[in-house]
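Some structures to go through are shown next.
Same chain, two partners: chain A is paired with chain B first, then with chain C.
Then we have the complex of A and B:
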């Protein structure tokens, strides 16, 4: 007993180096800090507490989406449908709660009470998530194809419901509350607080629960996971449903904030969510990554975009900058993978 | 047999290949006469495939030299080997179904000018080659309409017409019916007449006697003999050379074996298995021995529920075999054949690998008990003597033997009553092998059952109490292990020697 205890101590304490995951997360965090400092020097008025806060609060939507996308990526699956789901659930929430007595089609809804409209809109989001799971898990179609399809399907339905325009009239007063509610007597909005809660829960699930560990096992080696008795189908189904619910909630909050249902809302946000996950060190092949990394990935992207705006670069440069960020992420990713497998 | 005067088609001198901890090929020297069919035999792990990989340039020898037709030959990749006149017929076929036979034969050799195809004598040449070795195939036929055997012949013709002097065939008859085998042999004999040397690798000893001119026997990486088959006195001498004398001394009858059947399998049948029935007793180590493709892995996966088979599998009176999850819950654990792709999470640490098969023990209402994980890791690293300085070492950084021990630890942590081990010591060095055998024995001594699926005779004779012999998907015989066990009989059965006797 004492011998094995001694062996145990040496085995546990001789871990001199930190894990790869912690290393990558630290790397991403330092890049974020470094970029912030550089931007502070180059861009006038960048180094302000409020600006730091804004980097997070302005990006609550994409960071929230990134949580679901990160878990799916770690499990070895893509989710490109989150932007579409976001638009769909927002449009549905509006349509369901618009009163029935509008003077034209776009101002006439189903007249549901707000809470019911929200639940039904979430149902719509879940349906898309369920469709993702069905095709990926049961029919074994590559997730990138499936979610590309559902991305267009969800946005397409939103487009039909809004007839290619917006729905923003005839809404109950309650509709605008959630998205604009200030918390703790500060300017902090409810969605931002929800994002923080979501991040805390996600990190807890990732690090401390069996569910989190299952995600890594499945992503690292699906065959070994299956032969180790893990029900991969069930797990990936849950992940798609969770991701869809997150996107659904984000869509409802955004619809509430702007008091409108707009089918083009969150266009390309699915790619932003993917980009921040990749920037944050999540492996595109699955099995590696963390929510914290994704968060710092979002910060990096936010700094790049807002610094560009501060440098009075025209907003047209945004995509080029994002593209550079993506290429860098992929190069570093490949390099890190090659190093790991050496 | 002909042309004794000219230099050999291929010769190797002092060829050695070292892997970390293992010497796969050990100072092998022999020569192959040109225009002969030269057979290469040996048990699994004897070093045949390593030798072939060196001949084809896929691996480079640690020391030693190779000579082709009198000149030195040092291929650094398969392309070099082709240039040196050595072609390989792989088990998986490389033909394009959508093209015709002729187009397949000239694929990659077309003459072109400014990007346009130019007529040349190439077509004529390949048609002649094909006609010489197999006149019944129409060069204008679509390859998709041909059988597997005919596609194989197309590949042989392609190799021959590209100027290969030596064609290596690795188990070419694995997927062929008896009649197709005969046709392939006809092709090989005609090849020999056109001055092509064939290196023929097969476990089916009958084929070797029917086809071969000379044979080289390898055992444990060492060269045992090269001689004309006319000087070999039948299967028994060949088998004797393959197994040697020094094996299977270490089996001692075990006392914990009961006759209380814990698993009863009846009539297991699928595309490969033919009505396989057996039982495994509590406290017993049973072996399933057969050549590659005899159905060992299929049985293991069927018992574990990883593949579906018809028939019934009762484990402790309860029906199993529907999914791995169910099997694990019932108390069955599998160490799969391919540890890197099927057993191990290579990019995770030892600590993260071990607990995966027993989530109940890990979960405290969904929250991970990291203390349990830590204790398990420390316990099994100590118990199985896994050579590592930290439980947080990545599994991919471990040696083969230690990786296999991690996979074993996974199964032991699952508290299984029946352990299925598919090739448990493949690619494992000798020291770790002995340790794994000790683990297997101690698991069985504790009253659990173990099934070892192996293509190494030494292994099953060393540890198993009872051995099931498989050939071509059917369970041919059952042997009780003991001092008087007849290894020659076993090898005869698993190489198909029993078939004639049965009928």
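Then we have the complex of A and C:
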């Protein structure tokens, strides 16, 4: 076969084929649908509209965190600090807005107005994100080590502020509003709506903007990206700051929903955010994956855990099920891609 | 450019080099001494130096070393694994599962040595699972061991029956009386078996690192995997072996912890992976692999345990996470600065 014929064939071929990314996303989505159907047969009362909705609405926090984590993974970096940031920003928001006339240390705060408290709490989240960026980008320390450290640092600050427990007294009335606000006259809460908006924006940035495509480029080949004049440091810094802000907002919303700042809130959520991204086909090595995939990954995890609850399995099963789900997801994705590109 | 200036300035450059080298090799001992001095000064106004209530009281020292046994046991093997460029996030879960298995064996009447040996075999098996996922199935170490973190933890929790938090006496079964002597009862110098086992494990690994091919091959694998493979080293086998060694060490750590607490708690190893990483970093192991010393990590583990136990008398317990997180970041940053200085020279 001549060379030109070969090129022609691949061109025709590539036009007919969908991209690897779309292929994996479709695969993940169909696994999610398949699992849902299986769960509907096996688990009593699983096939209900309300249940479908709950799979999404109960997981708004981890899906939102997943957006930042996905972008960072695509750029080739970990972010394990989101759980810690979430706890920190929630605790700070409570502490800043508690009034100054409490009876003991845990009920006395700084007495800021709510909006200022929220802004300052976000500042705290941003500081941790900045620290991540500083260590990863400037000092070039592996992101997994850095973000494990900042995870402990953020949660550590939260624990010091709450003295190891929680702050939930002496709060202004406005504090509980954001997290519990119902939207459009339905039972849909504001955080869920914010999650949907975040997803839409994230998908737009990922698919349609230069920033999004550069993220993929950096993840695929950092050296080539650097040589083509892309400011990788700035890009990754932005990604860490975005991820921190998302985690900060989630923390503030959760604090508002429960009207408390609890220093151990969101423990292990960073691992869940990582797991749903992996389930959704995001490559750990960077350069591959999508927000839509991550969303379906979250749905898969939600179906597995809620089906286990529906079958009245002991909650201890969730760890084993999670392990099996991730293991199968990785094996199947590697196998499917290798087969496709053979 | 740096090399040019150093050739012009030969004598002082080599002296700088020697000082850096000295600092690199021995700074960890200075840190240990500094931490101990600091902790023993803290309550000096209330107690005498060796009086009860102060850090240097012999009972307190024995207590610190006793509590440190699990981390001391784990540090060496974890270092070798990180030297070869791999990581194991599942050590905490392996510890918890081993603790549960050991307590279950003991409570069902298996004698000490048999239970001990069987648990070590279980640990080796768990390590081999990690090795298989990483070497055979080629899953990234972080993800592979994250999967087994979840898996082992789940199995450990499922082994303990519902409604009970850990394996302990009750329901006609009783934890035998010998159970906690391994982790608590003083033998040589008033220190329990568990501590001496940690010392022996570390010594064996120090010898393995300095005197056997395992140490050389581990460093070669971490330094440049492709070159190691091309020079005929079976890197897969080395990595597999290292994961098994880490598994066995984690099982020993689990036995020590379980014996110390007199129960088989499935969550007893939670957070151990963080402590292990912290210890290895403080010991100066390069996280990119290729470098690191088992003995330095052992000292690093002593520092961390002295800090965590000693701090309790000075500041409230809820400062612990903050201090450890800050220590991790500081260790990572100083490692970076030291290694950059060396490449510059």
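Please note the rule applied: the second predicted complex is superposed on the first by the 317 of 342 C-alpha atoms of A that agree within 3 Å, B and C clash if a C-alpha of one lies under 4 Å from a C-alpha of the other, contacts with A are read in each partner's own complex, and residues count from 1 in each chain.
By definition in this document, contacts are C-beta pairs under 8 Å (C-beta built on N, C-alpha and C of every residue); 3 or more make two chains touch, one makes a residue touch a chain.
Source: prediction; values computed, not measured.
In the superposed pair of complexes, A:210 makes contact with chain B only, with no contact to chain C. When the two structures are aligned on the shared chain, A:201 is found in touch with neither chain B nor chain C. Set against each other, chain B and chain C touch different numbers of residues in chain A, with C touching more. In the superposition on chain A, contact of A:314 is made with chain C only, not with chain B. Contact with chain B, but none with chain C, is seen for A:228 once the two complexes are overlaid on the shared chain. On chain A, the surface touched by chain B in one complex and the surface touched by chain C in the other have no residue in common.
By the touch criterion stated above, chain A contacts chain B in their complex at residues 4, 7-8, 10-12, 14-15, 19-20, 208-214, 216-217, 220-221, 223-231, 287-288, 340-341. Residues of chain A that touch chain C in their complex: 78, 131, 135, 139-142, 144-146, 148-157, 159-160, 162-164, 263, 271, 274-275, 278, 284-285, 314, 316-324, 326-327, 330-331. Considering their complex, residues 304, 306, 324-325, 327-329, 334, 336, 341-349, 352, 356-357, 359, 362-363, 366-368, 374-375, 377-379, 381-382, 388-392, 394, 396, 410, 414 of chain B touch chain A. Against chain A, in their complex, chain C makes its touches with residues 87, 133, 137, 139-140, 142-143, 146-148, 150-151, 153-155, 157-158, 162, 274, 277, 281, 287-288, 316-326, 328-329, 332-333, 336.
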